[in-house]
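In the part that follows, the structures are each spelled out as structure tokens.
In what comes next, subunit A is part of two complexes: it sits with subunit B in the first one and with subunit C in the second one.
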Partner chain A sequence: MTFTSFTFYLFLPVVYLIFYWTADRWRWLVLLVASYGFYASFKAPYLLIVLFMVTIISYVCGSRIGSHQDETGRKRWLQIGVVACVAILAFLKYLPFFETHTNTLFGLNITLSRTIISIGVSYFTFQAISYLADIYLEIEDPEKHFGHYALYMAFFPKLLQGPIERAGYLLPQLKQPYQFDYDAMRSGLLLFTWGLFKKVVVADRFALYADQVFNNVHSYTGLTLIIGTYAYAFQIFFDFSAYTDMARGVGRMFGINLTENFNSPYLATSIADFWRRWHISFSRWILDYIFKPLQLGWRDWGQTGTALALLVTFFVSGIWHGASWGFVIWGLLHGIYLAASTYYRPYQKKLHKMFGLEHSSWLKWWQVLVTFNLVSLAWIFFRAKSLGDAWYIVNNIAHTGFDYKLARSNGIAGFLNENLFLNISMYDFTVLVVVLPVIWLLNKRIFSVFSKPALARWLSYALLLAVIAVFMCQDKPAFVYFQF
Partner chain B sequence: MTESSKKLLSFIAKIGLVLILTISILKISGELIERYTPWQKYMDPRERLLWNGHYNGTKYVLFGDSEFSSMYVDSPDKTIWERFKFYSDQDIFPGALVGSKREDFISAAKIIAASWPAGTTIFINIVPGRFFPTRLPQPVGGNYDYKFRRLILTCNFSDDPAKYIKNIAHCFIGKLSFLFKYDNVCKNLIAGLSTPPVYFKINERFNRIWNCDGDFALNSYKKLEENALPDKRIKSFPLIDQLQSKFSGKGYRIVFVLTPLNRDLILSYGSEKSALTIFNCFDQIHQDIKSYLASRGILSIDLYNACDSECFADMNHTNEHGDEIVAKALAEWIMSNPL
Partner chain C sequence: MTTLETLNQIFCMVFDDETIQIHPEMTANDVDGWDSLSHVNLITTIEAKFGMRFSQKELLKQRNVGNLIDDIERKLADN
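Now for the complex of A and B:
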């Protein structure tokens, strides 16, 4: 069951009504059972066991850290908890990698990993680690109520793809008595529907382009590869931000405010700015729990220490995404971008000041363009099926780019048809061209509809639903970040 | 009732109203598109049954799978239905669907039976391979399950209650708005503004000759040969019985057409031993079907040996030349067997 499946639209109202009619003191139980039920719908019982194990481990270790007065004991329980969580995560994530290599080395045919999926594991494991670290750092007190803690780990709207919530933010909300709030319900439902629109109308349509190119990269050159890369950049953004909107929408219905995960990331003016806007809960996590400790440890090395800490942090971030060289290179590229910026940033500022460009909107848009292209370059490694494919794309784009000769020989119409539309129908292209400006205009302002007159408001709701129903993509790929 | 419960009820009522408003928008826009746009122009003529399967005044219906769908012709005027009209001066409804499986035949029969009047002549094609035993997997629910679900109830409650309920929901959605009834209406309409969709002479589907235009025919034969179970004897033909019972109750004249087999292809592509085995198996099935139809007094036209080798695109499917022969045979049959 996912947010776009028919079953979810039966599950959600039933859970809500039971939640609503239950007394406050038992509401956590309703949500906990619903969350485990939601997770069970993936028909992988071991996932429930993993979730329960991580919950128990982090709960017990958290309590032990809290109860120990001496630093050694506290540190030992932190290490036990973190190592156990990371080991579970690494086992599930890297099983296919180890299996392939074991099979090759010993001529075996183990196929265990084919039946293993790790949907959501990364997210709740990271949440468990942040909980332990926050207790250790005395930012939070250990949670005493196991039920509340288990719900903090499993709360179904954020279970599969985050946001990765801090205990200090989510736990108090889960304990609060619930009061039906008309405005929260209304905005939650609208946010959910808006997310659904972004996923099934926009992201899945970009996927048509991106999949076609990345599934068979050697059939394409130059402009097509550039378009395929941009298509993937937009697909992953709309897909992931759609999921976050839907999760936040559902959360609001239950009186829970989940963290905003995206803030127009492709309008970032630098890579550092990008990471302040992209997958915010994750980037804060790696910043707080990987980068900062490393930077602190290497502070004696000055700027080099910071650069190195950034490199290592993003290398880990790449590994977190899975056992693939593509993810590692994606992480390293971001690490390199950021590490390099620690050196050139001061000079860049001076240069802008010297030419009086500090407040120039031209400069801002130029920076947006450069940042977007750097991010897109990294996405190539993230999405390509193999390193060879990724290298082919980068190499081909660098050497071919816009092929004027081909354009002249085919004529502009023929050239565009082959390179821009691929085998995608005019219909899908038109839908994207029409809806993208609408999203550009409304993405940050969807709640402004509440201040409009009733007729406009109601028509807007109905139109949004009608557009989803008519223009949703027939092929419904899963959410991209499910795999992580 | 508490204040909060009242608010919740009012919220649910408002959701209901928004849904009604949405349905109205979809219904009205669907009606407008259906009535005032040339959407039919852009639909696949080989799927006519799916997007306009209602009685259109014709007395004859082509029913079946790819053999009656004119897959391997280069233009609409070379299709069996157009050539039939040429020879007989009568319209015939193209109700066959490419790749129909047993379940698709039954669903298609329900659509025809829903609006066609008694006295209609229905030509049902039986390709030689239809009952040929193989280990090739068959799609569950047929190849058109999703499309049929939007139009009719394709299953019974007693067979699978969950599937039945889902089917009811699909039918409801199909009836809700024209936009959901048929796949690709909006898609074809918008695409048609710049480049109308092309349904003839695309990819493998053109007026081809099996041994001249690539390995297409060879590959499909090899697939059959690898998966053939020629020793397995077919004892009954339930599909024939099901179609007969579905149609005969409506007073239709049912004519089973045993379509041609490309004997030269089997001899040319098969190894000496397997070719003979497969050949014999086809002949045996053909004889069995003929006897079966005769024993039940069902009308039939036997075109099994009607075409020579250049009439085929592959083992079962005829090209333009073959379709011409089939269309002519049907036209001659109706002239010698008037209603």
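Now for the complex of A and C:
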């Protein structure tokens, strides 16, 4: 069951009604049972065991860290907890990788990994690690109530794909008494529906173009590869931000505010700015628990220490997405961009001044364009089916030669249809062209509808639902980030 | 010169801004240019000026200028 499946639309109101009619002191239990039920719908019982194991391990280790006064004991329990969580995550996530290599090495034919999915595991494992680290650093106290802690780990709106929430932010909210709040309910419903619109009307439509190119890279060159790359950049943004909107919308219905994960990331003016705007809960996590300890530990090496810490952090970020060279290169590229910027930044202002650009309004848009293209270049490695495909795209993306022979044989309309529109219908293209400016205008302002008169408000709701029903993409790929 | 005054001087020097007036509740959000890169410069300058060495845990726990002052004064008292 996912946010876009029919069963979820039965599950959600039923859970809400039970939650609403239950006394405050048992509401955590309703949400906990619902969250485990939601997870059980993926028909992989071992996932429930993994969730429970990570919950127990982090709860016990957290209590132990809190109960020890001496630094050695606290550190030991932190290490036990973190190693156990990472081992579980690594086992589930990298099983296919180890299996393939074991099969090749020993001539075996093990196929266990084909039946294993790890949906959600990365997210709650990261939460568990942040919980342990925060107790160790005395930023948080250990949670005493096991039920509340288990709900912090399993709360279903953020279980599959985040946001990765800190205990200090989410746990107090889960303990608050619930009171029906009309504004929270309607803003939650609107946010959820807005997310649904972004997913099924926009992201899934961009996926048509991205899939066509990335599944047949050797059939294309130049502009078509650029279109496919940009289409994927927009697909992954709309897909992931749609999921986050839906998760936050559901959270609000239960009186819980989940963290915003995106803040117009493609308007970032540098790669560092991009990471302050993209997958924010994840980037804060890697910043606080990987980058900072490394950077501060290597502070005697000055700028080199910072650059190395960035490289290692983003290498880990790549590996977190999966055991493939594509993800590793994607992570390393971001690491290299950021490491290089630590050396370039001191000269940046001087260069702008030298070329008289410091007051130019074009400078910001130039920086946005460069950042977007650097990010898109890295997405090629993230999305391509193999490293060979990714290299092919990088080597041929700048190919500008026009194939006259092909254009003549197909006719100009056929040629354009194949290379620009990728044989995807004009209808899908038109929907995207019309819908994108609407999103650009409304994405940050959807709640302004609440200040409009009742008739305009209800017409807007009806229009949004009608647009979803009529323009929903026929292809319905799963959310991109489920695989991580 | 008190710890606060010496620390204020270091802040002005690291962030190249003579107008900075530090206070215990001040965080990175309150100072222009206080990001993870300049934070390392700040820490290494403090360590050199006061002749001390922070542990990694102390550095990761610090949330504001007040925490930083507490750590400096505790270390000065220990010496």
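Keep this in mind: the second predicted complex is superposed on the first by the 460 of 484 C-alpha atoms of A that agree within 3 Å, B and C clash if a C-alpha of one lies under 4 Å from a C-alpha of the other, contacts with A are read in each partner's own complex, and residues count from 1 in each chain.
Rule of thumb we're sticking to: contacts are C-beta pairs under 8 Å (C-beta built on N, C-alpha and C of every residue); 3 or more make two chains touch, one makes a residue touch a chain.
Computed from a predicted structure; not experimentally measured.
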{"item": "Superposed partners subunit B and subunit C on subunit A - clash or fit", "value": "fit"}
{"item": "Subunit B versus subunit C as contact partner of A:Met185, first or second or both or neither", "value": "first"}
{"item": "Which of subunit B and subunit C A:Leu287 touches, first, second, both or neither", "value": "second"}
{"item": "Which superposed partner A:Ala469 touches (first subunit B, second subunit C, both, neither)", "value": "first"}
{"item": "Which of subunit B and subunit C A:Ala456 touches, first, second, both or neither", "value": "neither"}
{"item": "Subunit B versus subunit C as contact partner of A:Leu10, first or second or both or neither", "value": "neither"}
{"item": "Touched partner set for A:Tyr427, first subunit B, second subunit C, both or neither", "value": "first"}
{"item": "Closest approach of subunit C to subunit B (Cα atoms, Å)", "value": "40"}
{"item": "Footprint of subunit A on subunit C - complex, ascending", "value": "35-37, 40, 43-44, 56-57, 59-61, 63"}
{"item": "Sites on subunit B touched by subunit A in the complex", "value": "4-5, 7-8, 10-11, 15, 17-19, 21-22, 24-26, 29, 179-180, 183, 186-188, 190-191, 193-195"}
{"item": "For the subunit A and subunit C complex, residues of the former touching the latter", "value": "136-139, 272, 287, 291-293, 295-297, 299-300, 302, 305-306, 342, 345"}
{"item": "Touching residues (chain side subunit A, partner subunit B) in the complex", "value": "20, 179-180, 182, 185-186, 189, 425-428, 430, 458-459, 461-463, 465-466, 469-471, 474"}
